[in-house]
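Just below sit the structures, each encoded as structure tokens.
Here come two complexes built around chain A, the first alongside chain B, the second alongside chain C.
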Partner chain A sequence: MNDTTQAKRSDEPVWWALFSAGGVCFAVVVPGAILALALLPAFGGFSADNLSYPRISALLHDALWGLAGLAFIGSVICLPLFHAAHRIHHGLHDLKLGGGLLSKVLCYGSAAALSLLALYLIS
Partner chain B sequence: MNIETPGGNKQEPGPYQPVMPRTWWLQHRYFRFYMLREATVLPLLFFIGCLLYGLYCLSLGETQWQHWLAFMAKPWVVLLNLLAFAASLFHAKTFFELFPRVMPLAPPGLMIAGQWLATLLVATGLTLLLGGWL
Partner chain C sequence: MSKTINIARYNPQTDSQPQLQAFQVDSDNSTSVLDALLQVQQQDPSLGFRWSCRMAICGSCGVMVNGIPKLGCKTFLRDYPDKLTVSALAHFNVEKDLIVDMQPFLTHLAAVKPYLINAEQSSQPHRQTPAQLAKYQQFANCINCGLCYSACPQFGLNPEFLGPAAITLAQRYNLDSRDAGKAARMPELNSKNGVWGCTFVGFCSEVCPKKVDPAAAVNQGKVASASDFIISMFKP
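Moving on, here comes the complex of A and B:
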């Protein structure tokens, strides 16, 4: 109608979308990642050669022109980090420990920083 | 809570002030379930931390990568990752049951089964790939 009474646009949809996308990854991709990277190797399901430095390095950097590694980092590290940040931010509010701007900046800020770190480490 | 009135009558109730102790969620089974699901991200963060450490070791070279493999085989790390695995499956169960209620595209049972199938396919694919069968 007019420009003076226009409400400030909320930034919640952005965090909500990242939370949902992270939730899908946490449910669909993360169980398999924990199984294949942490549990099966520890319980002797694989021989050590399969997780050798050259093999993992090649899978992460070269498979599908590097897109496979990028997809893996995005779906197992970055998006689940934003999912976790959202739950911790709101969980702190539930425990009456936070939920304000400070916890919001700290939670989503660390998720963003750690995501960038992961992307930097495979670049 | 009572407030002072001009007549000094302390019996008259003041504005309603709801009491919300920090432990409110312990008082009902449903809220405890809610908080347990919120807590599933804590072991998830541990696993993500392991992966970030792994990426760091990989960037340093072969010797450090061997250190990471040894770290991942430590009993307390395996135990926490088992917890993360259980938490991811618990989260998946609640998440998959929610989806057909938010977006009813097909019979709920079919949608839930389809989502578990996706999880199973990803797990199988990653296991075959990292286990050297692919």
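Moving on, here comes the complex of A and C:
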């Protein structure tokens, strides 16, 4: 706390940035996806044919050279996963159950693993 | 009108933990918790508590009223028609009755170098536009009462956390156009006990008697620390 020993920089900005980005996705993109993929077809907003495999597959893999699919998975699965992981990590600290390196590795590690799995599944 | 007030008494020499003691006080529409404590002190001169200005400016009369951090002089008995319990500020060590050891708080305040840092020597006045003043003015209203530390669960869990008022004070100087000390303050803010110790509970801003909004300052500090992080990646 004095001039001679400078406090170590926290790596938290990285997790906080992912958390914030994930929060925006959770609030905006995820409800949009639920609306488009679940509610509108269910309530007859548009016909289920619009969600046919060839159509969705083309959207995910071909639109914008595959970037559309990447953006969709990133904003509906990966970033929200990091958002949730951050919450759980800090929640564990609040419950005095963790918050240290182990919970960090477990929380962000599972977010990363599940993100990779999601990306693998659409690749 | 007579009213019962329960006070958490604690004498470190004899008690293992605080004990509630009930007192009767006279109360009308204008009786503050501090007035009530002064009445109790007439009945029992051994009651320990701090106060000075009686007008919400010195910041020394902080206590928990029914478990919420409050200034005794700015809190009125009329707003507590039912039970009224006064205890020492949470998250600090109690020295006696309602007196706590504020040293950890003061150490955190000092750690952020809360003064103008500027190598430039000039005998001219340092002019500031209203817009430049508006950037930090609200954060300069802190009276160092420490209520926000009692409200902050993260400070409760980790006393090393710089805490709301200290981070606010750092922002107050970092945002001041006359100051050039941001680089010297950022390392404290960038650390895990700096802005990143906050999980944005926001209770600090609710209890602040001066509407300083320390939670806003901490969040601005997070943005500042995140940009400092990115800038540092491009520096050797």
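Points to keep in mind about this one:
Everything that follows uses one rule, which is that the second predicted complex is superposed on the first by the 113 of 123 C-alpha atoms of A that agree within 3 Å, B and C clash if a C-alpha of one lies under 4 Å from a C-alpha of the other, contacts with A are read in each partner's own complex, and residues count from 1 in each chain.
The definition used in the following text is that a residue touches a chain if its C-beta (ideal position, glycine included) is under 8 Å from a C-beta of that chain, and two chains touch if they have at least 3 such contacts.
Because the structure is predicted, anything quoted here is derived from the model rather than measured.
Legend: residue contacts after superposition of the two complexes on their common chain; A:E12 is shown touching chain C, with no touch to chain B. In the superposed model, A:G74 lies in contact with neither chain B nor chain C.
Of the two partner chains placed by the overlay, chain B and chain C both lie in contact with A:D94. A count of residues in chain A touched by chain B and by chain C gives the higher number to B. Put simply, chain A uses residues 90, 94, 96 to touch chain B in one complex and chain C in the other.
Across the interface of their complex, chain A is touched by residues 107, 111, 153, 157, 187-188, 190-194, 196, 199, 222, 225-226, 229-230, 232 of chain C.
Residues of chain A touching chain C in their complex: 1, 6-10, 12-14, 16-17, 90, 93-94, 96.
Only residues 23-24, 26-43, 45-51, 53, 55-57, 59-60, 73, 76-77, 80-81, 83-84, 87-88, 90-91, 94-96, 114, 117-118, 121-122 of chain A touch chain B when the two sit together in their complex.
If you check the complex, the residues on chain B that touch chain A are 20, 22, 25, 35, 38-41, 44-45, 47-48, 50-52, 54-56, 58-59, 61-62, 65-66, 69, 72-73, 77-78, 81-82, 84-85, 88-89, 91-92, 95-96, 115, 118-119, 122-127, 129-132.
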